[in-house]
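Naming follows writing order (A, B, C and D), and every chain is counted from residue 1.
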Amino acid sequence: MYSFKDDYSEGAHYKILEALVSTNLVQEDGYSMDSHCKRAIELLKEATDDYSIDVHFISGGTQTNLLTISSCLRPHEACISAKTGHIATHEAGAIEATGHKIITIENSQGKLSPDSIQHVLKKYSFEYAVKPRVVYISNPTELGTIYTKEELKTLYKFCKSNGLLLYLDGARLSSALVVPEAHLSLKDINKYTDAFFFGGTKNGALLGEALIFSNDDFKLDFRYMLKQKGAMLAKGRILGIQFETLLEENLYLDIAKHGRNLAQKVQSNLKAIGFKLLVESPTNQIFPIFSNNMIENLRKDFAFHTWSFIDQENSCIRLVFSWATPIEKVDEFLNRVNQLKEKGL
Amino acid sequence: MYSFKDDYSEGAHYKILEALVSTNLVQEDGYSMDSHCKRAIELLKEATDDYSIDVHFISGGTQTNLLTISSCLRPHEACISAKTGHIATHEAGAIEATGHKIITIENSQGKLSPDSIQHVLKKYSFEYAVKPRVVYISNPTELGTIYTKEELKTLYKFCKSNGLLLYLDGARLSSALVVPEAHLSLKDINKYTDAFFFGGTKNGALLGEALIFSNDDFKLDFRYMLKQKGAMLAKGRILGIQFETLLEENLYLDIAKHGRNLAQKVQSNLKAIGFKLLVESPTNQIFPIFSNNMIENLRKDFAFHTWSFIDQENSCIRLVFSWATPIEKVDEFLNRVNQLKEKGL
Amino acid sequence: MYSFKDDYSEGAHYKILEALVSTNLVQEDGYSMDSHCKRAIELLKEATDDYSIDVHFISGGTQTNLLTISSCLRPHEACISAKTGHIATHEAGAIEATGHKIITIENSQGKLSPDSIQHVLKKYSFEYAVKPRVVYISNPTELGTIYTKEELKTLYKFCKSNGLLLYLDGARLSSALVVPEAHLSLKDINKYTDAFFFGGTKNGALLGEALIFSNDDFKLDFRYMLKQKGAMLAKGRILGIQFETLLEENLYLDIAKHGRNLAQKVQSNLKAIGFKLLVESPTNQIFPIFSNNMIENLRKDFAFHTWSFIDQENSCIRLVFSWATPIEKVDEFLNRVNQLKEKGL
Amino acid sequence: MYSFKDDYSEGAHYKILEALVSTNLVQEDGYSMDSHCKRAIELLKEATDDYSIDVHFISGGTQTNLLTISSCLRPHEACISAKTGHIATHEAGAIEATGHKIITIENSQGKLSPDSIQHVLKKYSFEYAVKPRVVYISNPTELGTIYTKEELKTLYKFCKSNGLLLYLDGARLSSALVVPEAHLSLKDINKYTDAFFFGGTKNGALLGEALIFSNDDFKLDFRYMLKQKGAMLAKGRILGIQFETLLEENLYLDIAKHGRNLAQKVQSNLKAIGFKLLVESPTNQIFPIFSNNMIENLRKDFAFHTWSFIDQENSCIRLVFSWATPIEKVDEFLNRVNQLKEKGL
């Protein structure tokens, strides 16, 4: 049984493990004041070409989201998100638990447009409602789709013209950075957001996200908030070491390419033999639509999540590919689909 | 320069690193539903001899504290803590940020007694005040002192008679378990508390605390709260693997003994040559009082925290010892103290 | 200029003022421990025929809603509301500010059905989402529509079968109680809810809502929460006196009938002469659709809120009638509409 | 039985009732947008001689405190208060429920000094602790003592030099304003605070406090927060009418003088005949120490609160005097004390 459930089924990329082992007995200061965190911050400054950013390393995405959003809002301020946004659907009310409403926007591709936000601003413009302040997007989105450089720039400019902060959830950011037609780099992401996080957990790290603030509004006293929400690891070194490794020689891009390439291979093969997709995804997650019979048969050899109901006979599944996915498993999967298709499933 | 600042200056015990490496490419389910977490839970059930406990693995102590305390309180309920308690002094208002007051109690050894709690209950007994509900203790305390089995039992019985929940912060719990005169085991800790956590970070793990609920009041839906506070790691396996390793063949006790023994050696040597202590600590942290001159000289070779002001000429410092402390460094430290003392410092 | 903007443009019904004046210099205990609050509670027990209810008097509806909902939820639990519900649209994020998500349901008449709630329960049934616990309804709804006795009973039974608490916002409850075809009394409202409030502010009082708990889950320690949210008035007597007056000889029904009858007179007249309605309202608020020209002209003599956009040439307005609305003003309004209609507006 | 329990045992000063009655049927806009609130705001601008203040009317003190303090703090920021401060002892954890710690300071007269605050600033100066931001004082204090103009000025300057906001709880402010040796006016109070509230409930109103912001940091969007916490009354007019009446021709001072004069009469008489006081109070609350026998006998004719334990045979009681206290009751009380004293009690 091989699993395509997600990109966190294995441990860490071997270079990360090596770095953890080789530095293990060197004494370092705690709470991310160690030399590795410092080095990783330097590497992020180089990669973004922005030497005024603040960087914090946090163990996971939900914590990063709730910390960032709650740190910059006054009690009556709210966050705008796509209805499919991770904060709106998969974080157990984490944002509301910090006291803030999420205003959700219907959408088809997991993405927000200036028009849709403009509509919200018009509706939420009186003092008996909450006041929108942060726009949350994820790139890639929860549907594997992406904002290109041009789209991100447009959205950012719209936010700046409307007193909004743009925050980007980059749990799988590297997977967007390796999409050639997106024309995105860490420099662009940093330039066209007020804050974003660069995900480690889903790109080869044991755990960890690097949160980057370019807008000064986020910077003051943020370490107090890290501490308050229990997000400051005593051995902060383990986050520093991992990001240092991911950023050295652009390992993060190599890792992301592997998973993305396999996903694209499967997606294009499935399309070629006639399968439909829920969305066309350019990243490492794909959403093919199969008959329920096909799905039942595939489950004998492969694990994956059913994503959504299509009709009585068909469902959409999600397949995720990572640095750890062996190419042989991908071939096995495609062969199995072909076999089953030939049998009329 | 060698640091006695804390017990989290190095990475992980070698057996933990080995376990992480050897399991690295095996696919596991995420969010602590993996085989290692399951195995670690079994080992904790055996160690506590309580097969009805619920166990959750969390990355750090502050998060564990805020989750446990906030999960069981209604809006008007409060937590009682020693004034020196970690939640009252070093967690940046984490408990208050969840909406609850901490009622602090003055004390000299970092410990709470039934009498002192009784006094609080009497004072907080009307509806314009908050209502005490959880008693928070740490064992060892922030001063290295401990509650013995008998003391813990007495406190627990008092809490049960007064409608209070007893929660024990065990960030350095193993260090108390290896104090012979404490007569404490994981079984006792579990028996005489409603909830406690068994610390990994400060006893050889890269990160992680194991939170154990014996009282059913804590159990229902706790995973929702883990998710909501961003405490559920995608690769929960890394916590499972570490606790599995610590618990197998009682590695946690071996690790704790090493640090504790070195601390006791230094403490008894310092006493023998005439130095005073802030408190007599039976665990892996000690609090000797030195002249400021002595301290200044020691800092040339050793790093440590100044703990408190004693008088114009003397201060208390904190020295912490762990699994990673080499015996040679301990000897070097004692030699240096002796040399300086002979010079009249 | 006469205003149909709302049912709180004037002070209090004259009997309430008389009662405030006549009792003014009698000393009473503070914080709703006075004889008037006690008497009002007795009258509510009689009216509901339920002698085990708990009653609390609170100054306004938003505070009553946030107190009731937050008092019974654990951190991960959520509230279900119609998308048009007051808590979801007009309370500036009051529920979220207590840490809880509102799950909203699309609807056309401002009402929830068991089917629509069932759909939510199915969707929110895993531990990365919030857990629905309270169902919030308003009766009359924000659109003036009502739940009849039969509908309320069905909804309540559904909630009981699904582990949900049913809470009814009765800001204008009396206005529903005087709709003959609703077959509703305070006894029914109490029987088919877990908690509800009986509104004073919008039915002749200066301020005040009476919150009634039949379900024991809400009762324990609620006064602590009143105090904590600043909802306990020092001179609680002024709430007691008003509810005592409203309940004596069913004054609340007489007051409500006056406003409701005028609203129905206007609504039926407008229908008779060909105007459409956004919804058919049986209560004291009505929602006629007029041409923008008509609206502009009416504004010369009358004040009212525009409720919603209909099309380029027409809008829906809201007209509200109360105990204080003089019948002559209603006639003037209808005459003016007729005149304008004859002019072709 | 006559009660000296508090200054809110009766309804309202007759001029306030008259104003409520005479304006009752005039239509006004809701939510404090009415003509009376506007007029009251103008009168407060005149009284403070500060035409840039923002004013909000709120039903009670606890709500005013929690709103003001929570509106200006970021998540990690805290409030400093005397240990006897109302927010620290009598508001059921209201501030903590908004997520913020109260740092309390020991004191003897209910007052804070720059020195005591300086000590807190030194202690709370690292990122694992909360960050002090607001200083809360009450004037008069909970012990009836006051800050004079000079003391307030000194405290305010200290706060300004240390990045702190000074907020004054004026639940009984008028009672301080009529102490001749305090040299205080509304103008001074406004000048030497960032925010304060001018209490109505305890000075002749049915309910209501006027919250005044001179510092711009508090002003933006405060009405959103009023709405969110349920503090915006639909019939805001009833607060406006009352403050308009209190401020016209300085009625607030006349009311306060009556209560304060009676209190001072009793206090000086008791001292003259040999009774001790817990504190010497210059305002409308006094704290004499009587034998328990004396107290028991006085309770046959008078109601009052026991304030604190003195020794096995004596206790301190609190006596409160208001606009509504008849001079005859004061004389009766003094006579009774004299009689009991002559009997040797």
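Note that a contact is a pair of C-beta atoms (placed from the backbone, for glycine too) under 8 Å apart; a residue touches a chain by one contact, two chains touch by 3 or more.
By chain, UniProt protein names: A, B, C, D = Aminotransferase class V-fold PLP-dependent enzyme.
Worth saying up front: this structure is predicted, and the values here are computed from it rather than measured.
Peer 1: So using the touch definition from the top, which pair is joined by more C-beta contacts, A-B or A-D?
Peer 2: Per the contact counts, A-B leads.
Peer 1: Compute the centre of every chain as the mean of its C-alpha atoms, then state which one is farthest from the centre of subunit D.
Peer 2: A
Peer 1: Averaging only over C-alpha atoms, locate the centres of subunit A and subunit B and give their separation in whole Å.
Peer 2: Distance between chain centres, rounded to whole Å: 34 Å.
Peer 1: Could you give the separation in Å between the centres of subunit A and subunit D, each centre being the mean of its C-alpha atoms?
Peer 2: 52
Peer 1: Mark out which residues of subunit B touch at least two other chains, giving numbers and ranges.
Peer 2: 75-76, 91-93, 97-99, 127-128, 130, 224-225, 227-228
Peer 1: So in the complex, which bits of subunit A are touching subunit B?
Peer 2: 2-3, 5-6, 8-12, 14, 17, 20-21, 23-30, 59-67, 91-94, 97, 201-202, 206-207, 224-225, 227-235, 237-238, 324
Peer 1: Can you list the residues on subunit D that touch subunit A in the complex?
Peer 2: Residues of subunit D touching subunit A: 70-71, 74-76, 98-99, 127-128, 130-131, 221, 223-225, 227-228.
Peer 1: Which residues of subunit C touch subunit A once you look at their complex with the stated criterion?
Peer 2: 75-76, 78, 89-93, 96-102, 127-130
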